[in-house]
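The same subunit A turns up in both complexes below, where it pairs with subunit B and then with subunit C.
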Partner chain A sequence: MTKPKVGIFGLTGCAGCQLEILNLEEQVLNLLALIDVSYWRMAQELPADPTNLDIAFIEGSITNEEEIHEVKEIRENANLVITIGSCAGSGGVQGMRNIMDNDKVKAAAYKDLSGVRSVPVKGVDEVIKVDYKIRGCPINRDDFVSIVTSLLLGRQPHVWNSPVCNECSMQNNDCFFERTTETPIYRSNICLGPITEAGCGARCPSNGMPCDGCRGLTSDPHISQLVTEARKRGETTEKILMLAKRYSAGSSAVKKSFEEMR
Partner chain B sequence: MSEDKRINLEYIARVEGYGQLVVDIENQQLKEAQFRVLEGARFFEGIVSGKKHHEVPIIISRICAICSVSHSVVSTRAIERAIGVEPSEQTHALRKLLIYSETIQSHVLHEYFLALPDYLGKTSAIDLASTHPELVAKAFYGKKLGNDMQRIIGGRAIHPIRNVIGGFSKFATTEELTNLRDRLPQLIDETMETIKILASLPDQPTIGSRRDFVAIHDPSEYAYYDTDQLISGHSGPFPAADYQEHLLEEIRPYSHTKFSTLKGESFMVGALPRLNLNHANLTETGKEAFEYSRLILPDYDTFHNNMAQLIETVDCAQLSINLLDRFIADGFEKENFEYDLHPGNGTAATEAPRGLLIHQYTFDEDLRCSYSDVITPTAFNQLKMETDCEDLVPRIATKPKEEIELLLNMLVRAYDPCISCSAHSMKVDVKFV
Partner chain C sequence: MATYHPLIAPVPNGEDFVFAEVKSSKEIAFSFDKTKKSLKEFLLKPEEVLMTASFTEGKAKPAPIDDTMKILFGARPCDITALELFDQVFSIDYDDPYYLSHRKNTIILGLNCLNLCKNGFCGITESFAPKKGYDIMFTELPGEKFLVESGSLTGEKLIHKSMNVEGVKEEDRIPIIQTFKSMNDNLSNEKSLAGISSIMALDHQALWDEYGEKCLACNLCTSVCPTCWCFTVHERIAVSADDLSDVTKTEKYRHWTSCLFKDYHTVSGGHVFNPTTASRLEFYYKHKFKGIPEKFGVLGCVGCGRCVSACPVGIDIRESLERLTNVEIDIYEPSESSESSESSESSDVITELRL
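Coming up: the complex of A and B.
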């Protein structure tokens, strides 16, 4: 059997999802026995061949014209395109400028804006067809291995179709959504577990912090119930939406889900 | 015979992010050197504006994965100063442990996977695995240990969860701490061996320059975490809160990018500057590693940043053992998060693995962020990368183009540049020479 030819690409982001792949440690070598990585700029100089790929993994969001061009080229050269992480999947945190006053955001970062060329932040599937999204900010390396294994075996990758709450209750965590005590200074009084897709093992609630929705909306999210509850706690709709779209303001599908709620 | 060379390292592999170095050599003289960032801008200072104090560290750590602990720690510290929170000594000690963990995982990744392959004539760590499996095994051991430390102390290897304003949201168990403690001596022994190997390799590139260094400074310890003072090799200590007066950002006519200067000159931040400025306070184990390295201080040679990172790996492993022993013996005390928060301004300076990192924030009456400033190590180092080309190119200009390219790649990689960090707000100027 010839090994599938794989490329790993980075657009604009923190490079954490690529790093999470490197963080597989010894397992990287096991993986390399099964796939042929022909393009991965972060880890290797050569070979650097981004053509005729069986699988292209894309990390990072689209923030300028060059990246629009680049993802189109990747699509033409790859049989399967898989996004890794929230930036490639739905824009990531930098996408928040789409729902803020864009000029003010840019002016806060630069005194002189003449050299800045940027477009509204986009997840990759706003520009090209994406075959599968690996969720999370960052992705979970076990998730990555499980999905790559499925693909190598010709199976459909696993889809959870359930909210983080399900995993959280299995861990016997105290519920951050059913607030019973005063909210401490270090965290939000809203937990996004009820509307967020599972698969992380309820990572944040298990570490003493509420879910902030990095894996994106679950299927059939009960958004209006969450918003009603948050309003009761004194939050404005605007602030709730800013929190709920922290990682996904570069996704038109997410925008649509929230519009339907309104 | 004069020969003009235009070297465009448009594809600097094995660095974190996407950067470019353009070097013009005319009649064996350097005409121009420009280091550019090709990643898209992300406007983090703008994105955090209007966000509540507790939201900012979560968002801002996303500037960079490999330095996410540093961004989390320095942002929480600066915000605490701004809004009137003074965490316990235990919290400071835990944050130090988190920073040592990050330094270990980042230095190990950089040295074995990104830098050492050049010294051994390899194109990647994957390539290295076929000829030097023992080095790759050491790399995985150290990387995994550093990551596990970040996971156990911070809750996640990338973008830590438990470090929050005022303290930690959850603590590790004694069993977990003991597991980490028991694995660290092997990292020290193996890194010592690698230091001896690197010190013995013949014909290493060198660069002649005596440009300045800057690092955080504490008279009582080799500082990796949050000090009140910064120190320059040429002009001594100054208050960290006054960084904007000393480390001036200037615009240069050929580029839209901002450059940091000290007294109008380029300077370096990172492991080599820290070693030069703070070496007297290395642990005894760190001093032993320094002896094996055969470095002689002051050492201005950028290429020796690689050796300095290996020495710091040993030093951080020893410092981690010391702290873990304490927490295993004493356990953790529950944090007090009761504070009367107020609006205000705060600055914190820390050392990311690749150098000085400064955050400053202002919060309004509603405890929402109204001003922020983030300066990352690669932004500080950018001008120095260019002036290093002025120092290096005359020494190598007669060599074949391929060799010059390799040496310039090695030079840039020695800085362990982190393009994601520098692109958090850097202006992008793609002007091809």
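Coming up: the complex of A and C.
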């Protein structure tokens, strides 16, 4: 079996997902037995060859014209395009500027605006066809390895297709959204678990934090029900939607789901 | 007892109680309302490996089943009633070796409820006095004593081996009779769910639609339910290249799932049988009150009320049953004084039991 040629690309983002791959340490070596990394700017001294790739992994969101051009080139050069992390998948946290006043955001970040050439934040699939998305902010490294191994071996990776609550309730976690005995006191007014795709092992709720929604919407999110319930608990619709869109404001599909809800 | 086999018993956890392994009887919460989750997690594990194989060479083999003997103390009558259903489900068409092994290797020590618990309605589902399914049933008597009754040969042997157990004496007559009379008065209910499976065959679309508007499809109700057994099976490939040929590293495993998920109703080709939450809730209720009684001869609900406590949006199965049957279900409000705290001496009976 010839090893598939792989490229790992970084657009706008914190590079934390690429770092997660590097953090695999000895497992990286195992992975290298299966793949031939021909392009990975973050880990190579001299970037080699970004062409004729079998798989291109893209991290980061599209935030300017150059990146639009870059992803189109990557698509032409790769058989499979896989996004890693919520930036590439749905815009990531920087996507929040799409739902804020863009001029104010720019003015807060830069003194001199003359060199700023940003476009609204986009997930990679807004511009090119994406074959698979590895979710999370950052990605879970074990999830990454198991998905990549599955794909390399020609198997369908395990897709949960169900909310974080599925994994959360399999552990002995106290539900953040549950009504406590002393109603109407809640442990939390909002937890995004019910609308977020599982696969993280319910990491945040297991460590005492409500779900943040970093893995993006599950295939069947009940957004209006979640908003209704959180509103009953005293939250404003704006706040709930802002929270729910925190990682995915760069995705038109997510935007559409929220519009359908209204 | 814990010196012979691991002992699992209810322990306090915040406002609730959970089953956990205990080392001494002092850790056990004897006066617990009910555990937040049912005992099913010890018999149908949230996740369990079924078989392993080598990815490159095949050679599939069954995964070793955890068959350590355990003692589970504090099973409530509703949970024990639910086991009657589970025992059928996991052996009716073919034997499920995983469930059956855990069941065989778990000694169930029940603890009778003397009062109705929060959100419970076991009188209506007639599940407060199971006649089988347990090895020993404990009933608290006045005067820091427990009545122990065996429900199996294992339980019988266990009682005979115990040091601190005495035969019932004449002086126990009145306390025993009074305890069971009061238990019966507190728990039984003249209302019943007679005819429920026919009622479920009728159209109740308005009710399902109403619940569908509220339900988050989060599966908390199904995960705490003692009668929900649905699971899904997946494969996990060895994550490193070195392990691909290892026959223990590539696994087929199952984990809990829920009929409230879209994934549950999705078949090959992408068709979804129950696309809306309303239709999934209809499926859920119809299974519990029509499908299960018709196939297994028992109700698919044991009235524990855990789903009522768990639901984040306040869907109440008692309210649904009232609306379906037009039979009003009393809601029990526990008063402050009704909870009597146990003294530590009462646990001596338990600690002296020997296997």
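Observations on the model:
The criterion applied here is as follows: the second predicted complex is superposed on the first by the 250 of 262 C-alpha atoms of A that agree within 3 Å, B and C clash if a C-alpha of one lies under 4 Å from a C-alpha of the other, contacts with A are read in each partner's own complex, and residues count from 1 in each chain.
Definition applied: a contact is a pair of C-beta atoms (placed from the backbone, for glycine too) under 8 Å apart; a residue touches a chain by one contact, two chains touch by 3 or more.
Just so it is clear, the model here is predicted, and its values are computed rather than measured.
When the two complexes are overlaid on their common chain A, residue A:G208 makes contact with subunit B while staying clear of subunit C. When subunit A is checked against subunit B and against subunit C, the one touching more of its residues turns out to be B. In the superposition on chain A, contact is made by A:S219 with subunit C only, not with subunit B.
Shared-chain residue A:A33: touches subunit C; no touch with subunit B.
By the touch criterion defined above, A:R246 reaches subunit B but does not reach subunit C.
Within the superposed three-chain model, A:R155 lies in touch with subunit C and out of touch with subunit B [touch as defined at top]. Contact with neither subunit B nor subunit C is seen for A:G199 once the two complexes are overlaid on the shared chain. When the shared chain is aligned, no partner comes close enough to touch A:G123: not subunit B, not subunit C. Those residues of subunit A that touch subunit B in the complex are listed here as 10-17, 19-20, 22-23, 25-26, 29, 32, 37, 41-46, 48, 61-64, 66-67, 92-94, 96-97, 100, 104-110, 112, 114-118, 137-138, 184-188, 203-204, 206-209, 212, 243, 246. By the touch rule above, subunit A contacts subunit C in their complex via residues 27, 30-31, 33-34, 142, 145-146, 149-150, 153, 155, 158, 160-163, 165-166, 169-172, 174-175, 177-182, 193-195, 219-220, 222, 225-226, 228-229. Those residues of subunit C that touch subunit A in the shared complex are 13-16, 18, 37, 46-47, 55, 118, 213-220, 223-224, 234-242, 244, 255-258, 261-264, 266, 277, 309-314.
Against subunit A, the residues of subunit B that register as touching in their complex are 11, 13-18, 39-47, 49-50, 52-55, 58-59, 62-66, 68, 85, 109, 113, 123-127, 129, 140, 143-144, 147, 155-159, 161-162, 164-170, 251, 256, 337, 339, 341, 371-372, 420, 423, 425, 427-430.
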